[in-house]
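Contents: one structure, followed by commentary.
By written order: A, B, C and D. Residues from 1 in each chain.
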């Protein structure tokens, strides 16, 4: 259960090897690792993106992300989770966020990873500003993200997903 | 849409960088990459695992996996997918399988990646034999895997998942 | 009652403040009351809190709704809907 | 009618065959008929196809059910439920 907020890029391969090794050291029998990487798109709403700048609320961000990880751990039998979120100014194709989850069986890791992303999108204090060919603009929150989060409120977790 | 069957290990980090670069070259605006890695557990059904040997039906395997990828591409707006499955004799903590999916938005990639894994588990001609402290034994197919596959039969794909 | 207020993203730009320390009258004890109090500062403030746009609030790093109580020493933050990930 | 048969995993071990070329009587034209035909080879074959365990079949690399038709030149495969991933 780790959270990192950083300006630097991250290496997915290294992070997953660390997660696999940590599981081994702790004698956890990891069978499945699901990971999500979000990257800066080069187009949004029809305009070419030059840069994407991420602002956040430092004292609140780590607390909010740790709370999301804890909620995921309560809902599903996962072994470990990792959230890395970058802040600052990024270019198209750069990585923004990594969420990785390990578990004994795949169903738990898939559900927990998607859950963490859906809650991160709607509960963690990050804001994106795009610099496009049309000028700068704040990215608007999406109704689809609220809907995705709402979908989990009625979702039954432990013992109800495939193993 | 790539399928590889191999005895050698794979490097998740390199594979995802390749997928991101390929998307860029093809002018596809990748925003999300979801990946699954399965690894050999050190315990199964209460016994310590010494090795896991994967047998397959070579002429059928690639065809079956490509058909699963095509079905995923029909159901969801994904940009690319990759399946790497190892065969031969593996030890605990070794990687068995990688499924990676790229898309513009995360919902599609999550669904397609889990779909591919659920179908791979039930439709691709691989068989596992465990060498345990109690001797050798073939791994039994799980009812939970059939149930996971059945779950997709009534699942509505395109335009029905969050973007 | 002394509080600290932080502003983020679009809201920080609208009011041209990122953070301030404030000595509030003691009857300003909810988020709604604080919004009304700040709205008296001028048109940009009044517009911001008029309800035309969504302004989320946090107290001491926890998301709260407008009925939440503010106590002395609290850190209050105002920001638009989040867009990370 | 000439066909090729492949056996995999537990089934390969049970019959001690991995592959064979076979000249089938022309009335053996479905998977069920082939299973019954092979069952005459002895107890281990009869046991295998008795229905006590699930035996899946593929023709020319496509999963099929027991009613599927076999034609000359086909590659038929018998294997247990798959357990990859």
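Quick note on the criterion: a residue touches a chain if its C-beta (ideal position, glycine included) is under 8 Å from a C-beta of that chain, and two chains touch if they have at least 3 such contacts.
Keep in mind that what you see is a predicted model, and the values were worked out from it rather than measured.
Chain centres computed from CA atoms place D at the largest separation from chain A. Separation between the centroids of chain B and chain D, computed from CA atoms only, is 27 Å. Chain geometry summary: the mean Cα position of chain A and that of chain D are 48 Å apart.
Centre-to-centre, using mean CA coordinates, chain C is 73 Å away from chain D. If you average the Cα atoms of chain A and of chain B, the two centres end up 21 Å apart. In chain C, the residues that reach two or more other chains under the touch definition are 85. Taken residue by residue, chain B touches two or more other chains at 38, 106, 117, whereas all remaining positions touch fewer.
Judged by the touch criterion defined above, the protein chains link up one after another in an open path, with no loop closing it. Chain pairs that touch one another: A-B, A-C, B-D. Residues of chain B that touch chain D in their complex: 38, 54-57, 59-60, 63-64, 85, 96-97, 117, 120-129, 138-141. Those residues of chain D that touch chain B in the shared complex are 6, 8-10, 54, 58, 61-63, 75, 77, 79-85. If you check the complex, the residues on chain A that touch chain B are 11-14, 16, 20, 24, 29-43, 93, 104, 106-107, 109-110, 113-114, 117-118, 142, 144-145, 147-148, 151, 162-163.
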